[in-house]
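Take a look at the structure below.
Going by the order they are written in, the chains are A, B, C and D; count residues from 1 in each one.
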Amino acid sequence: MTPACAPIMEAVLAANADLLPSYGADPYTLRLRSVASEVFETPVAIFPVTTGTAANALALAHITPPYGGVYCYESAHIATDECGAPEFYMGGAKLLGMAARDGKITAAPLAAAIAYAKDMGVHHVKPGSLSLTQATEWGTVYDLAQVAELAAVAREHRLPVHMDGARFANALSFLGVSPAAATWKCGVDVLSLGATKNGALCAEAVVFFNPALAESFERRRKQGGHLWSKLRFLSAQLLAYFHGDLWLVNARHANAMAAALAQGLRGVRGARLLQAVEANEVFAALPEETVLRLEREGFLFYRWPFSGQDAGISIRLVTSYATRSADVDAFLAVALRPPESG
Amino acid sequence: MTPACAPIMEAVLAANADLLPSYGADPYTLRLRSVASEVFETPVAIFPVTTGTAANALALAHITPPYGGVYCYESAHIATDECGAPEFYMGGAKLLGMAARDGKITAAPLAAAIAYAKDMGVHHVKPGSLSLTQATEWGTVYDLAQVAELAAVAREHRLPVHMDGARFANALSFLGVSPAAATWKCGVDVLSLGATKNGALCAEAVVFFNPALAESFERRRKQGGHLWSKLRFLSAQLLAYFHGDLWLVNARHANAMAAALAQGLRGVRGARLLQAVEANEVFAALPEETVLRLEREGFLFYRWPFSGQDAGISIRLVTSYATRSADVDAFLAVALRPPESG
Amino acid sequence: MTPACAPIMEAVLAANADLLPSYGADPYTLRLRSVASEVFETPVAIFPVTTGTAANALALAHITPPYGGVYCYESAHIATDECGAPEFYMGGAKLLGMAARDGKITAAPLAAAIAYAKDMGVHHVKPGSLSLTQATEWGTVYDLAQVAELAAVAREHRLPVHMDGARFANALSFLGVSPAAATWKCGVDVLSLGATKNGALCAEAVVFFNPALAESFERRRKQGGHLWSKLRFLSAQLLAYFHGDLWLVNARHANAMAAALAQGLRGVRGARLLQAVEANEVFAALPEETVLRLEREGFLFYRWPFSGQDAGISIRLVTSYATRSADVDAFLAVALRPPESG
Amino acid sequence: MTPACAPIMEAVLAANADLLPSYGADPYTLRLRSVASEVFETPVAIFPVTTGTAANALALAHITPPYGGVYCYESAHIATDECGAPEFYMGGAKLLGMAARDGKITAAPLAAAIAYAKDMGVHHVKPGSLSLTQATEWGTVYDLAQVAELAAVAREHRLPVHMDGARFANALSFLGVSPAAATWKCGVDVLSLGATKNGALCAEAVVFFNPALAESFERRRKQGGHLWSKLRFLSAQLLAYFHGDLWLVNARHANAMAAALAQGLRGVRGARLLQAVEANEVFAALPEETVLRLEREGFLFYRWPFSGQDAGISIRLVTSYATRSADVDAFLAVALRPPESG
């Protein structure tokens, strides 16, 4: 819902200056590859696309055979919010959802699920790939050891590892590690890198850390209708996104706003945080009266189905680079206001 | 694993006598449609195919849009044992698994799941169809009221109703009702009718109770590579299957053998039946020592993962038209034998 | 290769002002539907997407069954330049290419091809839809009677009619008729409306003239990864595109530049125009010496395989809203320069 | 249309004797692999399926990426008679039809088409595989040098080579060479081996000469619904097919009958053979009066659209293992009978 941030809009305008080659042969796109390789400290193949759904679906289709299965969290965005895009792009492969209280699947059940598939043989889809969401759908963040342990199980069975990084910059900020440390150094093969939620106009990217794995990916992107003729406008956004660590600056701010919200909500009588607040999302159960009051005063947020035992109503709050401290304060002021007497 | 039964083999041989038109224009195939219409007491469109997987996948693809979802039991055969065939044939649609202790999903959670999908809008696949397995994967049987109640929810939201009837004859025998009563009269639109497990060589069929719904289905079958040039050999099997109620005779026998097994197992110390035995399958937890003894003596059955608290080992026993009372007795004799002392 | 034109860039900037609802619930997108309905003089359903390939593939998938065939010109863009995107989105359907000297297929062979398919029955894909390119791949334009005649054949067999309008504004300008006259009034059901080649940054749209035909199209778009979260940026481009007839102003200029090029090339000794110049493309055979000279002087154009008997080299010249008279003059000056002597 | 031949029906009956493991773990299926490896003089991976359409579509999907293209004769069975099955199974890949007067494509245009694709880059599907039909749709047979030359072009560009061998035994008989010589020794990687048209009840097979290429093919077969639970019935047919060279005996007879027909037709005034008669098909143009007379007398054959200049009507005659000399004589007697005077 947020606008694009100023440096990215300026980059789009600047990219409009000239007549430039189409379909990715422009200097912006060429430069993006070298910049991204510096950012990730290894030669990468990077493919800008328009939406996170496209990034995920194309990446998964590229690393999973059509008779394969993708191990993922059972309520991962790819499984519940993309209208079957991964299944459509994969052409037969299945998402194999795994339970996880905090959105983070773990190594032992993953190993067990793969073993079960192998027992079942031809009746079961072939273990095909692993997809982790970082930060997770619950605003939590895998630490590096957790990613590495999951990736080790995957590698043992030759499954490529995908990371859905729609909120990757938020995870990076929380972890305080380098992009390389958070990805290929702990076993990630391909990253869906989100920018749209973190300040871009409409830019996401698929990043392969092993360029050999990217072979023919540009045809897949074209076949999905995701190759822009004026690709420079996408590439320019991503260049601006990396420039001067804009992505991290934006994410750090969003995370700080979420932390402030969480901190404030701890003071609301009857409220409970449902998950650790490690990125830019806050999941909280609030008294019904409080939720109604916030809605009445015009704050926008989702009521969120949550299978806990809490009284009250569960909600999701999302912050962004554009969230101001004053917004947080205004929200908390209403939340903290004591119930009016009848 | 069983051979084909004698009347069906004879029918195959008889169909071999002549030079006959190919691709379904033969008299066997033409007759099959009228016979099936008599059996189901309504004009049906019936399409013989080779495997149950093909029947299910083709039927579901025909009634579910590629951006749709199929509500089914979370461990339905279509979801766990067909290597992604439904997803492959549907081209993007998802199976939406629902929990059920005994393999029988129920109306209230179905209605809730559909309501949730509608709330989610474009991010969620469109509620597309309902698939029920009859008899279920746990050897239980939906009664007619249960089917009707589920079908009513489906119809309210315009979802066609599919029945995976790999063991349909066993369910019919248990219910003691007519084929019509068990299908279209309680809201089923299309049936995957199994015969291979119940005495045929290799025959299944997709039966549409509303022939308008079958429009162009023959092209789908052809496109899947499931149109035999010598289709008479499939049709002849199904004619024999219906002839003289062979299908019911076979199923009744298989059910009786399962009932005898279940009855006998009740006498095994430490054994517990895990599900009601209503068709030709028995799920039981037996002491480990008993299971090992049965395996040692050469009986073939699956160990079955079951998420209960039982001690011992869970197994699945399947009977067929070819199971003899003597086979049951022999099995029970070993099962009932007291543990040998050290 | 051209930049986006000023009014469209301004519209993108203006759309960035506010926090607005995502996924198409914003006021820009809502307004686009009513503006487009005015432009086309009938209530339309309009879906902005990012690329022409996406528009075509999504539209064709929506109107063609997966066991169907799309009748089109054998060298249509959908058949030769989209890396199989239509086939991928349609999930089994085929493009059935028809010959046409000038890119315009005709009614009699279309009727014959449909009749042949019906004779072949289940072995042939089902006649599914008709796709016309307007303006064509050869820079020619169907007149309204030609479209109507083709659409009448399609309607007789219940085939929806798709128009690939990547250069629709150029065709409109040439025909000098209303958008309504050029589409639904002569039988077109769904239009891929191009804007990117005619001044937009990255905007195309699928326009359904029968909104009932658009049912669930938004899920297809989502499943393809083509639903922008910040959809307002696409919708704003299209609003600007229609505003003050910008699309027609741009197209008229591009057409005029092509006409000027064609006129000038008539004066080149040994040159021949290969097709009528009715939109913004010029196909010409030029002496090899002339082509080499133009390339040497830095003019950019494709050499174009053409199966004619002409001596020399066939090339394609494309003009745009951004082509200046001076550019045309400079090109012609070089083309008209007599060969240098030895 | 022909019945299955006696040895194959006997094999089916014999396979019915016992309770045997399902899904291909039976001794028939195990033996088939070693027998086929002997027949082809190299270790093969062989997968029985039910129809030729399934064999072709599964094989092509396995060797062609979803963004790839299959080079084939423009009127190949896979392109015109399988209702889009290859496209459906391949999930986006295209058939790239090439012209050929006698059904046999040639190396130079193949090389040119691949070069063109490479020039077009991402807009064109990736050259994916080559499919040859042996014997061809016109009853002609590639000689070994022709196959080798085409395969060499394919190998140069790393395209696997598929042979549609629905009439492979007929081609072998004509060529008088070994199965090995006709396949892997001249560059074929995977063969769709037909048996149904040559005496089987319903058996075809996909044969990989490089077993590594067959990796995971069994999952693809399962996903297509083409894995029989009672697979022994398919395998037994193929064992009988190879036993005592039954396949060659049958094919030789069919070829001889076609040759006799062709020889006889040369004596019909006004008749012309349209193609060389090298397998079990005869394409001939006959005077209309003769064709009508043959139809009146009950002979069954297709009128065949043929784009030649011949007067009269083009027909296709197909012989089989079951065609008797007397049948040929009867046909020729009617064909040779002089027109009755008014």
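The rule is short, and it goes like this: a contact is a pair of C-beta atoms (placed from the backbone, for glycine too) under 8 Å apart; a residue touches a chain by one contact, two chains touch by 3 or more.
For clarity, every value in this text was computed on a predicted model and none was experimentally measured.
Chemist: Write down the chain pair with more C-beta contact pairs when B-D is set against A-B.
Modeler: Counting C-beta pairs in contact, B-D comes out ahead.
Chemist: Same or different, please, for the chain B to chain C contact, judged on whether over half of the interface numbers appear on both copies.
Modeler: same
Chemist: With centres defined as the mean C-alpha position, give me the chain A-chain B separation in Å.
Modeler: From the centre of chain A to the centre of chain B is 41 Å.
Chemist: For chain B and chain C, what's the span in angstrom between their mean Cα positions?
Modeler: That gives a centre separation of 50 Å.
Chemist: What's the distance between the Cα centroids of chain B and chain D, rounded to whole Å?
Modeler: 35
Chemist: Mark out which residues of chain D touch at least two other chains, giving numbers and ranges.
Modeler: 66-67, 82-85, 88, 91-92, 122-123, 125, 219, 222-223, 227
Chemist: Mind pulling up the chain D residues that touch chain C in the complex?
Modeler: Residues of chain D touching chain C: 66-67, 69, 80-85, 87-88, 91-94, 116, 120, 122-125, 305.
Chemist: Could you list, by residue number, the parts of chain D that touch chain A in their complex?
Modeler: Where chain D meets chain A, its residues are 23, 61, 65-67, 91-92, 122-123, 125-126, 216, 218-220, 222-223, 227.
Chemist: So in the complex, the part of chain D that touches chain B is made up of which residues?
Modeler: 1-4, 9, 12-13, 16-22, 49-55, 57-58, 82-85, 88-89, 196-197, 201-202, 219, 222-230, 233, 322
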